[in-house]
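Each of the next two complexes has chain A plus one more chain, namely chain B in the first and chain C in the second.
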Partner chain A sequence: MKLYLQVAKNTWDEMMSYRFNFAMWRLRNVLQLLTVYYLWLAVTPQNGHIFGYSRSLILTYVLGASLIGSIVFSTRTQEMGDNINNGELSQFLIRPFGYLGYWFARDIGDKLFNVSFALAELTIIYFILRPSIFLQPNIFAVLLTIGAICIAVVMNFFLGSLLGMIAFWSPEVWAPRFIFFTLVSFFAGGLFPLDILPVPMQRVFAFLPFGYLQYFPLQIYLGKLSSNGLIQGFCIALVWCLLLYFLVTWVWRKGLRVYSSEGN
Partner chain B sequence: MKRLNRYLIIWWKLTLGTTQIAFQSRFGAVLFLLGKLLRYVFFLLFLVLLVNRAKVIAGYTFWEIVLFYATFNFLDTLPQFFFRNVYRFRQQILNGYFDNLLLKPLPSLFHPLFGGSDMLDLFVLILSAGFIIFAGWHSDHVTVLRVLLYILLLMNGFIISLGFHIFVLGTGILSTAVDNTVMLYRDLTQMGRLPIEVYQEPLRGLITFVIPVGIMMTYPGRALLGLLSWQGVVIALVFGVGLLFISLRFWSYALRHYTSASN
Partner chain C sequence: MVIQINHLTKFYQVHQKEPGFAGSMKSLFHRTYYDAKAVNDISFEIDEGELVGFIGPNGAGKTTTLKCLTGLLYPTSGQVSVLGYTPFQRKHEYLKQISLVMGQKNQLWWDLPAIDSFLLNKEIYEIPADQYNKTVAELSELLDVEDILQVQVRKLSLGQRMKCELIAALIHTPKILFLDEPTIGLDVVMQQKLRDFVKAYNENFNATVILTSHYMKDVEELCRRVIIIDHGKILYDGKLANIVKKYAKNKSITVIFEKPVTREKLKQLGEVASFDPLKAVVIVPRDKSNYVASKLLEQFPVEDLNIEEPNIEEIIRDVFANQASSV
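Our next item is the complex of A and B:
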């Protein structure tokens, strides 16, 4: 455990040494957030509703989606594919820790750094724009939201790892990740709440993992789910987590059988 | 004219080279193309849902919003198509390849800007042009003069983008920071996916005149719909030419301060 904590700390330190790059990355996030924020502000009437969301609910959704996005989607798994392709994986195989554990620890370091900045940005944006936001008074709903975020973090790690492990069979690791990122950027619920989609599409997305990365935790926070909806959502998310876990470990074992490296 | 032909031939050969590299992995190329088209269609789908419910966004109807969105995509993709080499420039500075390029009998900006276009972007360009024509067809405001103004402002938007890319290259020479600067430019221009009336002040003023996303992306659409005054057209053109002039001066300055990283 101590070892993995040190890996997470090293990731934090690593990010501190590329401060300019990181600041630019965060600035880009703020710009993306502002685009979505103003779009929803423009289409939501002052005292009315759109798609069943009041202005304060939809703005809370947009700001919350940004924060949850920073927690869930900040990852280092994209380096896993390069690692396998350039043979650096060989060095990890002889080290006294698990490869997946190592990358999860790196993910945690990355997330802590990103979240601390995201919180600061959102605080500044809040004090400048002064939006009316919804504060969930029910502590139980807040705890469930945190639980759903934790599941989303694990799920996104497994999905990212699977994409990285494509490198065992193909040097083309960026194109599948690009497709995945495109799908996630729309169907995780970062741009819009998924319940604005036509009902047949909503039914399909309820069984896919994307919505459980961002949309589901936010629905819990906003109090939009019934008890049945909550139970069903958690069950589906946990089943996905388990499925992805088994898939990742299976692909890892299969991948190691075909893995070869030379010269390092 | 003869010189222009020569440049065109060189550009074509470089583009053929980069296309061959891109299609080395056909699977990857197809996935990248699919990703670009999906991104395009998904956002359009989102706009359809939004305008269906809200009826108008910032006073614009559905087809007008589509016109702005397609114009944005056209102006976002066209520079990417032509200036794709800007994204590779940092590496060329770091490994010293830029020294080699400076020795060639070509303008110093030619290769950093036009060193190989991305053919995958052609599909998005054609799609955007189709949507522009279709959205224009649905508007009652379109006249021949406005179409000409639209094309003029589209060209002006391209010139502003050219100016930005030259700035990015100059910054790359002075600090090697290319990747983040060019991505920041891309994110800023993303705000032009929607008409600037969506944004409130002071952000609207900022993205119109300080960072001219509005002039680049929104002014052509507004001109086509007859919503842009002649003063607006003049300001846009002066801005475009001015920015190009300043960026060229900046490039000369950066080039004078270039210290080779040659190997």
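Our next item is the complex of A and C:
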């Protein structure tokens, strides 16, 4: 455990050595959030509904999607592919620790750092703009939302790792990742709530992992799910987590057999 | 016996591309592969405390062998056993006892001071704090880097970085140290320092050291035993000194004369490699060198005479050249 703390700590130190970069990155996030907010503020009628969502709910949805998206999708796993391609992976394999655990610790370190800033920014924005957003009064629902986000974080880590490990077989890792995450931003409900889609499609989506990355936690927060829906959702998400975990470890073992430690 | 290798073979699948854009397009649809035989059926054993040098030209299979020994590569066939472990399984108990330093790869975090990477290794290898402090203090004094440990790695010179890499690799005092081109790109002073350090580490810890290098000097100074490898095969395995006996068939005699002599007369004694009337180099078979020397002293007005073994680098170059022409 101390080891992974040290990895996270080094990750923070590393981020702090690019302070200007980091500040710009945060500024970009704030601007993006404000753009989304004003866009939806403009298109939703004052007291009406859009896609069956009231104005405050849809605003909460898009802002929440953008916040959860930035937590869940921020990852360092693309560096795995680089590591494998340029042979840097050797430096990890030679030492007695888990490579996946290492990158997960870096992911978490990175996320915690960003989330702490994001929360501070959001608080400031909230008190300045006083937006009409929905604040979930039920602490239990908030806790479940956080739980669902944690599952989403793990799931996204596994997906990112799988994409990184393509490097064992092909040096072209950038294109698959790009296409995959473009599709995911759509299927995860980052652009609009998934329940505006036709019902048959929603049924299919309920069994795919993508909606659990963004849409599912938000539905919990907005109080849209019955207790049955909650249980079903968590079950499917956890099963996906488990499946992806086995897939990742299997691909990792296969990959090491063909790893050629290039570049030296 | 700490290292045992039996009929180790490692082939890589390499994809071939015809030159130019047309070749690239063609390779999109149809790829031709061939097996690169990086290591082809080699066997050897290494004892505890030995300092062994791997030499061979680029692409001979030195690094591939090291990578199989350290568990980075999965062997195509053959058995590898190090300290009783199978390296590819990468058991943590095994990895805790070895280390690999690659001259062209770094494990230090580029944006952080070296000391932060050391701290991470402390946690990875689960080293108690007092032992860690002692080792870092010792190593950084030996390598004279105490004042740069707090400096971002990116700001260090290549030599300073290499020293820090070495400390990071030795923090857990490994029993076996694999060094792949550790002196590459370093200036002569730094090379010497590194060599002295490796020697001291080998002696102080009775550590086994396996080293590959392009620099003959590294091998000559450090290793009693060398393994010469080329085209994935072992050409020679034994004492460095014996290479000279085995491969150097000739000695050269340099003579300086008091008065000018003629080339024709010298030719009767051996092959004349260079000649000016007052100085000549004669190449003679090893076993005849004493005889020829006495003849020279008898028949010529000799001022000075010197019998020399050819240097190891030359011999090895000959070995590789012969190998290449016989393949």
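Keep in mind that, in the parts below, the second predicted complex is superposed on the first by the 260 of 264 C-alpha atoms of A that agree within 3 Å, B and C clash if a C-alpha of one lies under 4 Å from a C-alpha of the other, contacts with A are read in each partner's own complex, and residues count from 1 in each chain.
Following the convention adopted for this analysis, a contact is a pair of C-beta atoms (placed from the backbone, for glycine too) under 8 Å apart; a residue touches a chain by one contact, two chains touch by 3 or more.
If you're wondering where the values come from, they're calculated on a predicted model, not measured in any experiment.
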Chain A as common anchor, with chain B and chain C clashing or fitting: fit
Which superposed partner A:14 touches (first chain B, second chain C, both, neither): second
If touched residues of chain A are counted for chain B and for chain C, the larger one: B
Partner chain in contact with A:260 - chain B first, chain C second, else both or neither: second
Contacts of A:88 with chain B and chain C, given as first, second, both or neither: second
A:119 touches, of chain B and chain C: first, second, both or neither? neither
Partner chain in contact with A:2 - chain B first, chain C second, else both or neither: second
First (chain B), second (chain C), both or neither touched by A:96: second
Which superposed partner A:204 touches (first chain B, second chain C, both, neither): neither
First (chain B), second (chain C), both or neither touched by A:239: neither
Chain B, chain C and vertex chain A (Cα centres) - angle in steps of 10°: 90
After superposition on chain A, the shortest CA separation from chain B to chain C (Å): 6
Common interface residues of chain A - those touching chain B in one complex and chain C in the other: none
Residues of chain B defined as touching chain A within the complex: 25, 27-29, 31-32, 34-35, 38-39, 42-43, 46, 49-50, 53-54, 57-58, 177, 180-181, 183-184, 187-188, 190-191, 193-194, 197-200, 203
Complex contacts: residues of chain A adjacent to chain C: 2-3, 6-7, 10, 13-14, 17-18, 87-88, 90-91, 93-97, 256-261, 263-264
Contact set on chain A toward chain B in their complex: 20-21, 24-25, 27-28, 31-32, 34-35, 38-39, 41-43, 50-51, 170-172, 174-176, 178-179, 181-183, 185-186, 191-192, 196-197
Of all residues in chain C, those that touch chain A in their complex: 12, 63, 67, 70-74, 90, 92-93, 95-96, 98-100, 102, 104-107, 109, 111-112, 116-117, 119-121, 123-125, 152, 180
